[in-house]
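One chain, chain A, appears in both complexes that follow, with chain B as partner in the first and chain C in the second.
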Partner chain A sequence: MNGQSSNIYNDPKAQWFAYIVLFGVLALIPTFGTEPFQLRVFSSYAVYAMLAVSASMVWGFGGILSLGQGIPYGLAAYCMGATMQMQFQTPDDPIPSFMLTNELNELPSVWQPFWNTSVGLILALGVPTVVMVVFGFLMFQARLAGAFIAIMTLAMLNAFYSMAQDLQPFTAGFNGISPPNAFKAFGVEVDPYSSMLYWINLGVLALVTLGSKYMLQSKFGTLVRATRDDAERVRFLGYSVAYYQIVVFVFAGLIATLAGILWVMTQQYVSPTAFETPFSIYMVIWAAVGGRHSLFGAIVAAIVLNYLQTELADISDMWQKAWLLILGGIFIAVVLLLPRGLAGMFEYLMGFIKIGGRNSSSTRVSEN
Partner chain B sequence: MSVHDFWTPFSAGPFVNALFLGFTLGAIWLLAALGLTIIYGTMGVINMAHGEFIMVGAYFTFLLQTEGGIPWLACLPLAFIGVAILGWIVERLLIRHLYARPLDTLLATWGVSLVLVQGVRLIFGGEPQYVAVQPHALTQSAELAFIHIPWLRIFILGATLALAAGTWAILYKTIYGIRVRAVMQNKEMAASFGINAQQVYGMTFAYGAGLAGIAGAMFGGLKTVFPDMGLGYIVEAFLVVVTGGGHLFGSIYSSAILGELNSVFSYFTNSTFARFVLFVLIVVFLRFYPQGLFPETKARR
Partner chain C sequence: MGVLLELKDLTKAYDTYAVVDHLNLTINEGELRCLIGPNGAGKTTTMDLITGRQKLTGGKVIFDGREINGLKEHQIVRRGIGRKFQVPAVFRDLSVRENLEVAFNRTPNPFSNMLMFFNRTDKKRFDEIVELSGLGDRLDHKAGFLSHGETQWLEIGMVLTQNPRLLLMDEPTAGMTEQETLKTSEIFKRLKGAHTLVVVEHDMTFVREIAETISVLHLGKLLAEGPMHQVENDPKVREVYLGAEGISDAA
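Let's turn to the complex of A and B:
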């Protein structure tokens, strides 16, 4: 990062400024008198953006093509679903109704901790993290790389999917858990249709994004990107590649975990779809379309693509059906023609703006 | 499901039956993985659209039967040719431009699979279709004492072994196979000896896709045909490839072992739990044997 490039895209100050503007503009949305229903849709876009940031971190910067970001996301979502469900249950009526229909006559022991909201939140954060740490150790200590990681994560994701589907008495199977009431904590009820929830989601999104960006600009971030570009060389320089990979894998998993928690607060619903293969790959698609080396791009792409999908679905049934065709086409085109996504294109365009008459040879300096 | 009927106690007859079923299951996975093995082993390309090639093979068979009235057995080679052409086109238009970026082929082929699934859903609708298996005897079950196995599964076992043997013969007994193996070992060296590596890759991808087509024609008869069916095979197929080490013999052994293990676990518990245990076991296994069961000692690309 020598700051020699004249491309404003690579200027760290300009980058931070761009992020502040982005989150500032997004924060203003509720003040325009947006309908509560529409506001909740925007709240879920913030969750999708978090997932895109998560995919961008692990894949774009860490070089780990994880197709299993749905694992921490789904685990957190299920823990949060259980917590919110137990907030609705009372000591007189301790068993959620789906358990009764599955012939469970007492609350199973794995559900007991969720009586306590704090414990439930700790589990929602802790369970996925522990799983990611163990899984990360297994993969990266074995020096698995590239496509192997993709396949292993995909297999684990599928394993969790079938468990969520099959353990009906505990997870309500295919139907999923839909807690009847909004989440309450510290005496405050978080109404999913409120601007409060929108700001919570956006705040967490801003926090994880800026945190990731800060991390990437440190020496640690440089090493993470180095393991992506040439793991063997980093190993020869005496660094533990596995350590950096595990940390970035768990860190990205933590972002997905937060997304899972906020998703259930927003939608009051969790089902095995959280563990579905296509959903985890969509996260990679959002990151790829936005530009795999840009958190900013990932956020914008996640919001724009989901917005497009909703809008097209509103126009007609035909457009809704055609959406996946369009998304697939966009994805193929981006991978083939724009490997660095919209952000890469933006960088190219910014390269034409000359500052202070310096030579505009655009060597990539600081990844955004 | 309650905890009490979760565990099935051991009993000799049904257990032996489960062992036989395990072999036929392994054959199904091998059939799904055969094309994938060839493509991955030769080109290092992870073809995420492989499951969708299987799906297209199944729909192609369905179409041949309903529109053309072609008997099922005759559909098998036609499905091979049809899907091989599709694979050739995909290689030509897409994969060819991405050889320098192997991980990106994974992403691009996932894009292809999205387009194929949704395209088929738009044309045929989402409801399941059925492929009629002829001759009728194949839809019956083989009964021998306590063994009870559908003939179709036995047919698939035989057909899979025949296809594997055929693939082996092509790779090791023909000039084309020598070229493929040369490109596999050292692309530049092979090219400097006058082998057209581009062409070898194109043909290999088409052949792998064709094998998926045959698989689709058979799976269509085994289960129902629907746009998302590819997803049901792809994960197991990939696991067969990586546990086997990415070459033909490795895949044959690993599919048999994985099929058996899955069948035994399913016997004692249930199929979903078996799937979970098997996947976790494979992850742990690859921790200690990242090269798979049969690592290839000779130099590869």
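Let's turn to the complex of A and C:
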């Protein structure tokens, strides 16, 4: 759609093909006889990859530097945690044990809706979405941009972190909620160590990625990138910039929301760490290392970096402690040497393979 | 031909200092009006007030018989006022084609635009604009790689793509070479009549080339108005523009 480009990297057909290959290969992992424990690790990588896609959408394409992608993620995770916890409780034993130790004698009213799994799932999707709509509306109507967005989202993230930490009778505070049983829906139990859960996570990852890719190729996507370039010009072409920013902010939030739900299904655990500042910054780093203008790059970077972290932690405690330094080093190296991330490097390399033999690709464009 | 734009006692004041001071201006449909004046005369501010980029402190902006002050920028654009900025504003990370496609504003709704792809763009209008701006062989290049003149033409093309009833052009030839200025005046002559234009310009050769009526602003007030020969012989105008040498040498 962007005319004939000589670099195969920019060919939309080749791009779709690359995504199909990526997800196809990832889908085969359980068939290699992977250990259940290892499979669950891969399931959580799929969740991280979703968060990287979310950061790539909102920051890489939308130009909105949100350090608060942990907000929808964490809210969804807590709703899902409550839903799964209530699946364990019975009318004879209606109060989760952590509430009893916090001297609650009856189930608080905010927990009541989670008796019903469907209502719980609707809340897990709805609560973060409503929060993002309201928060986005307040920020973008006021025409906040750049570092101010980062500061606002970071402050809001920390507010949620404190709430999760301090409302101990409702959230189990620092310890977090660990539902004893796997998630059940429609009479099926989703075992976190099963290939079924892995395929669910991968399926949702593929869905949100291809959905995002589709959106980016539509006029909406071009407008979002235009807003990143020059919001004022977009405004003076007759578009409401705030409206577009709210939509892309909420959409990226929705991806993080799905990640939060799947995270709790995978780990059977949710704690205030979901709202921790470093975690939300990781998401941005994954997107940056992968190349913030590439969803593919974000996914690959999220998987590779997390794999690296797990492997290093396995070697020794020392390596685990050094991880933050290593990650920081990788981030700095990418910013200095590869400002367009791994995807940018890949694009550069593909530039040497000429198709059609037309002029150099360096000035031609097609993102995503 | 009817009145398209009317400024009534338009005022923009910071505390007691008025940048635009009770300015009255009438633009007729189909007219090409040049707005000139020394630095600080309030030309760009006047454009900001018309397009809602700055809030006025007094007076009215009447477009097509309706008051538009108080509307948001994008709403004013949708009423039919297009604007080219002084510093060329294009999307540097997007290709020239994408720049023009974004400017095709058929629906402002983000959700409808998710279902819209560019192969369905109005081909005829698109080709017209490409021909007019002379960017035909640049369509697949990033706008950031264009020369200064090409960037200006691209922005003019983008504004024209919206087919606005009134076009506000803030220094369209700023920083252009002589040849580029010449090409720009060709573009403007072709627009004359089909569009209503208000052009802010410092380059007197260019103004002489294209203008019908000239309005001279000074310290936020209208100093003189009329055809070129009348304005350039006006003693008040001569005085404002570097004493007795007149505006011809001021550029």
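Rule of thumb we're sticking to: the second predicted complex is superposed on the first by the 365 of 368 C-alpha atoms of A that agree within 3 Å, B and C clash if a C-alpha of one lies under 4 Å from a C-alpha of the other, contacts with A are read in each partner's own complex, and residues count from 1 in each chain.
Basically, a contact is a pair of C-beta atoms (placed from the backbone, for glycine too) under 8 Å apart; a residue touches a chain by one contact, two chains touch by 3 or more.
Owing to the predicted nature of the structure, the values given are computational and were not obtained by experimental measurement.
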* **Clash or fit (per the criteria above) of chain B with chain C on chain A** => fit
* To do: Go through the superposed model and pick first if A:Asp230 touches only chain B, second if only chain C, both, or neither.
  => second
* Asked: Of the partners chain B and chain C, which touch A:Gly146 in the superposed model: first, second, both, neither?
  -> first
* Report for A:Leu28: first if it touches chain B alone, second if chain C alone, otherwise both or neither. => neither
* To do: Could you look at A:Ile315 and tell me whether it touches chain B, chain C, both or neither (first, second, both, neither)?
  => neither
* To do: Using the superposition on chain A described above, determine whether A:Tyr244 touches chain B (first), chain C (second), both, or neither.
  => second
* To do: Please work out whether A:Gln165 is in contact with chain B alone, chain C alone, both, or neither, and reply first, second, both or neither.
  => first
* Greater chain A contact set [chain C / chain B] -> B
* Classify the contacts of A:Phe220 with the two partner chains as first (chain B alone), second (chain C alone), both, or neither. => second
* Upon superposition of the two complexes, what minimum C-alpha distance (Å) separates chain B from chain C? -> 10
* For chain A, which residues lie in the overlap of the chain B contacts and the chain C contacts? -> none
* **chain C to chain A touching residues, read off their complex** => 51, 72-74, 77-78, 82-83, 85, 89-95, 97-99, 101-103, 105, 108, 110-111, 113-119, 139-142, 145, 158, 162
* Asked: Of all residues in chain A, which touch chain C in the complex?
  -> 1-5, 215, 217-220, 222-223, 225-226, 228-230, 232-241, 243-244, 247, 363-367
* So in the complex, which bits of chain B are touching chain A? -> 1-2, 46, 94, 97-98, 101-104, 106-108, 110-115, 117-119, 121-122, 231, 235, 238-239, 242, 270, 272-273, 275-276, 279-280, 282-284, 286-288, 290
* Interfacial residue positions of chain A with respect to chain B in the complex -> 65, 102-103, 135, 138-139, 141-144, 146-148, 150-152, 154-156, 158-160, 162-163, 165-166, 168-169, 277-278, 281, 284, 288, 321-322, 324-325, 327-329, 331-332, 335-336, 339
